[in-house]
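These notes open a run of structures that come right after.
Both of the next two complexes hold subunit A, though its partner changes from subunit B to subunit C.
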Partner chain A sequence: MEKRLIKKESLAGVIAELAGKMRVCAPMQAEDQVLFRVLEPSERPLVDFANTKNAPKNFLFPRTETLLKYTRTPKGMVAAGGAEEGMKTLFFGCRPCDARSFKLLDMLFDQEKYQDPYYIDKRAKTTVVAMACVHPPYTTCFCTSVGGNPTDSEGADVLLTDLGDQYLAEFITPKGEELLAAFGGTPAGVEAEKAKEGIAAQASSEIASTVPAREAKPVLDVRFEDPFWSTLHQKCLACGTCTYLCPTCHCFDISDEVKRNDGIRIRNWDSCMFPLFTKETSGHNPRPSQKERWRQRVMHKFRYYVDNFNAIACVGCGRCVMACPVNMDIRKIVADIVKL
Partner chain B sequence: MSGGTATVENPVEKKLREEAKRLLADKKVDVIVGYEAGTLPLTATPCFITAPEEADKLVWNPCCTQNLAKFVHDLLSQHHEAQKRVKPEAKRKKTVGVVARGCTTRSLIIHLQEKQYGRDEVVILGVPCGGYVDNRKLAALAGGEEIREGAIDGSEVVVKTAKGNRKAPLGELLADCCLTCRFNEPVLADVETGKGTPVAAADKEYEPVGAFENLPAEERWAYFEREMAKCIRCTACRNVCPSCYCRICFADQSQPRWVDIGENASDTQLFQLMRMYHMVGRCVDCGSCTAVCPMGVDLRKFLKKLDKDARDLFGHRAGVSLEEPAPLGTYKETDKEEFIFNPGGGGH
Partner chain C sequence: MQNPYVPAPVEVIKIVTEVDTKDIKTFRFAFLNEEDEAAFQYLPGQFGELSIFGKGESPIGIASSPTQKGYIEFTVQRAGVVTSALHDMEVGAVMGVRGPLGNSWPIDYLAGKDIVIVGGGFAFTTLRSLINYMIHPDNRSRFGKITVIYGARNPGLLIYKDELEAWGKRDDINLNVTVDKGDATWKGREGFVPTVCKEVAPSSENAVTVICGPPIMIRFTLPVFFELGFSKENIITSLEMRMKCGIGKCGRCNVGEKYVCKDGPVFSLAELDKLTKEY
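Let's look at the complex of A and B:
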């Protein structure tokens, strides 16, 4: 693995230059929040930020994407085009939790039983440059409880670590190594590695929230009918903010939108919080109330995903904790489940 | 994970807990909807209490944001629905207690007027209100940094961030709707817990809307388009609104589908327009929709305009009396109708 030292002041410029050559998505200030969005050519991204309000998943698994187009003719339906082909993309500044979310999404969209061509195409063309959390940005961060780490490189092609006066850049994958020329810098020595080890140990110890996420699984296995679910959801507004901001939530709904003779088939984010979630054509919904929907949300993340892929479908970014309008706190919910 | 607020002496909260405990112990209510401390600093969150000993977790402070009338409607309509499948001899009444500030009591009055439940099914624990903290103003005070600790001491708010402490007078952080609120006391209550201090600027209530009304139509439309472009249709505004209680919202209907689910601007605009038009004479300006919006859409501007129209055209103020009929629920020969025949001329 190639390791380089990059001058602090040159990083934003390197990314800005890349933005002229390919699609670059990066953290940018937008009014009073930091959003992960596409840079204009030569636009400089934020390099000093906590984390983006939205998760990067929108650029691999868009909120709305066209799967196919068709036209109605006197002879019947005629295909009028397919999905847009993905473009060469660089994700800059993903936090390790978000970089790890791509690994978790891969398990579902790119697996033996099911290959999702739309996701796989975009994923294959995306290079992830992650930025380690030298100091975990929020007290709500709990990546270490769900298998992550604030300075980990899982899911990243390049990992940047702020050593104080310069960045240590680790080019982890062949995709990452393609960026060597663009990043430049000088070869990193043993000292930089030592410095990173110290930073890594310190960063992990600074994670303020611990969640008994692994202990939840055996409880969930036997508590499907527990009275706990009858009260958990009571204050939930069913707004779906948690699932929209979640880096790993991936449920979708497919819908046809037709105007006159032209139709498109679109795939949209769905949310287990919505009343239409899993509603069947007959009108029946096996999850008729917020009780069943909340149970689904928790079960999916902490039980079913473990059953299917041996991984918890949560990266501990804390977005849902911070953004929920009624303070449904997944850290507390999981802690309460373990006590059942 | 400790949250909450270090407050100075809080006699209303003390009285509230005593009264809640008494109501539950005497079996006067089955459940009390109130607020408890949240898991994040300077937050409070709705809670549901069914045992007297839980009453001590009730809080009443300027972090108590949402209008709880929504939950009263949820609980009672679910109960009514469940009772339909129960034999007559086994039917049971459910009584819900609710911690209610001025705007919450106005929403309860709207529910009662609209025959959503009986007056005997709700016990109102009235609380005086000096307004609640706007979470965006609070975030601005913290300079975009995470609030690691926070406290409200009297009339001063202090937040601790990784970059140091910041403070501001409470009055500067209150939600816009609270700054011109004239309902600092409950309009209707079964239990009283104290008296509040009136907010002085109630006469300025419609000033910002008046200024907006006077803009050219193109500018008003451009503002509407820009605000609606922020909306991600999470429907938090609809779901938190006590006046939005349709059993199946038109936006959730799939046969026919009135609103498509993709990211089409006109679908979002349609959803918001339709929702807002159902609010004429039914919006109490509690600010809950704005408070829960994750994208910061300025919904209040448009709702306040409709509120002003109900006031100007029908002399109506939503939810202030059980007797006064709602403008959408009544017809008078003297009703103004210029806005129908001459929509451009009346400024409405």
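Let's look at the complex of A and C:
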């Protein structure tokens, strides 16, 4: 693996230059928050930030995405082309939790049978440059409880670590190595590696929240029917913010839109928190109240995903905890489940 | 990479109104492209997403049997946006089908056994597919005795009336058609499906029952089959859930860790016992 040292002041410029050559998505200040968004050519990204309010999944699995197009003929609507091809993309500044979310999404969208061509196309054309959390940014961070680590490279093609006066850049995959020329820098020696090891140990120890996420699975396996579920959901507003900000939530709806003689079939993010999500035409709803919807959300992440993919569908970013308008806290919920 | 979201274009070549209330019709589709037809290799019990551009998609069980070549059929009740648009279509219209999706009736498991088919109302469509598959000359010898118990609320709501008549004339199907309440012209059996199952009392020896119908029918029919000695492994049914993608991605049709669209819709009672009760 190629390792380089990059001068601190040069990094934003390197990314800005790349933004003129390909689609670059990166953290940017937007009023009082930091959002992950597409850079304009030569726009400089933030290099010093906590994490982005939104998860980067939007650029692999967009909020709204055209699946196919059609047009009216005398015999009915007929197909008139597919979606636009994805373009070469660089994700800059993903935190390790978010980089890891791509691995979890791959499990679902890139299965052996039924591959999702829209996701796979974008994923294949995307290079992920992650930024290690030297100091985990929030007290709500709990990546180490769900299989991640603040300085881990899982899901990243290049991992940057702030060593104080410069960045250590680890070019992990062949895709990442394609960026060697653009990043420049000088070869990193043993000293830099030692520094990284120290930072990694320190960063892990700074994660303030621990959640018994792995211990929840055997309890969930036998507690589908439990009075606990009736105590959980009552303050939930069903706003869906938790699922929209979640880097691993991937449920979607498919709908049609027609203007005069042309139409598109699109998919939009959907949410298990919404009453209509499972409501059938007959009026029957297998998840009739927020109780069943919350049970589904918890079960999906900590039981069903483990059954199907041997992974917890949570990266511990803490976004759902921070954004919930009524302070639902997945860390406490999981901790309570383990005590059942 | 084959795109599973793109429907194959089909033409409506025949429409049969099945019931007096006119809200259940059988649509026969012919594929517009030979390669799509060749790729649509299905077994009874599978479903397709009927796709009408501008309206949406609806997951519907395949009512024809793969032994019927050159077309596929779906029996559809007018209910929501897509099925209403479908009901308004005429022969010659062009639309789309995605599939085949889901697992199927477990044909290999059924082979060599006596088969008891129990259907109620309009939930007889993939059972019809299975019956036509089993009685096809190429397949009939693979299955033992075939008993069919089919009921509807009244004679006007029985579907596939012509086929019921044809099957009734065969000596290799024990056909029992019943209605909850007959009318002036009805000469057949009256009685609820569970009662008729009790009267017909098919042997559970080397036998499997395949049941599809409204929940209330299934609820009262199951005890009858337990009493007859059918094990949970040998009681097979098909689930319905709201679906969108049909390929286990969009996240709404799961029952526990299983997706009804790709791991089902067909489950044995033994398999359902292992899943969460959320359907």
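Everything that follows uses one rule, which is that the second predicted complex is superposed on the first by the 340 of 340 C-alpha atoms of A that agree within 3 Å, B and C clash if a C-alpha of one lies under 4 Å from a C-alpha of the other, contacts with A are read in each partner's own complex, and residues count from 1 in each chain.
Everything below uses one rule, namely that a residue touches a chain if its C-beta (ideal position, glycine included) is under 8 Å from a C-beta of that chain, and two chains touch if they have at least 3 such contacts.
Keep in mind that what you see is a predicted model, and the values were worked out from it rather than measured.
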Clash or fit (per the criteria above) of subunit B with subunit C on subunit A: fit
Which superposed partner A:S209 touches (first subunit B, second subunit C, both, neither): first
Touched partner set for A:R63, first subunit B, second subunit C, both or neither: first
Touching partner for A:K279 - first (subunit B), second (subunit C), both, neither: both
Partner chain(s) touched by A:I120 [first = subunit B, second = subunit C, both, neither]: second
Partner chain in contact with A:I266 - subunit B first, subunit C second, else both or neither: first
Which of subunit B and subunit C A:S255 touches, first, second, both or neither: both
Which superposed partner A:G82 touches (first subunit B, second subunit C, both, neither): second
Arrangement angle, subunit B at one end, subunit C at the other, subunit A at the vertex (C-alpha, nearest 10°): 90
Nearest Cα pair across subunit B and subunit C, whole Å: 7
Residues of subunit A contacting subunit B in one complex and subunit C in the other: 253, 255, 279
Subunit A residues within the subunit C interface of the complex: 67-68, 70, 73, 75-79, 82, 108-109, 111, 113-118, 120, 224-225, 250-256, 258, 263, 265, 267, 270, 272, 277-282, 286-287, 292, 296, 299-300, 303-304, 307-308
Parts of subunit B lying in touch with subunit A, wherever the complex brings them together: 1, 38-40, 43, 45-48, 66, 71, 136, 139-140, 144-146, 148, 162, 232, 234-236, 239-240, 248, 252, 254, 260-264, 291-292, 294, 296
Residue ranges of subunit C touching subunit A (in the complex, touch as defined): 1, 3-7, 9, 11, 52-57, 79-80, 83, 89, 92-96, 240-242, 244-245, 247-257, 262, 276-279
Of subunit A, residues touching subunit B in the complex: 31-34, 50, 63-64, 135, 137-140, 209, 231, 234-235, 237-241, 244-245, 253, 255, 257, 266, 268, 271, 274-276, 279, 321-323, 325-327, 329, 331-332
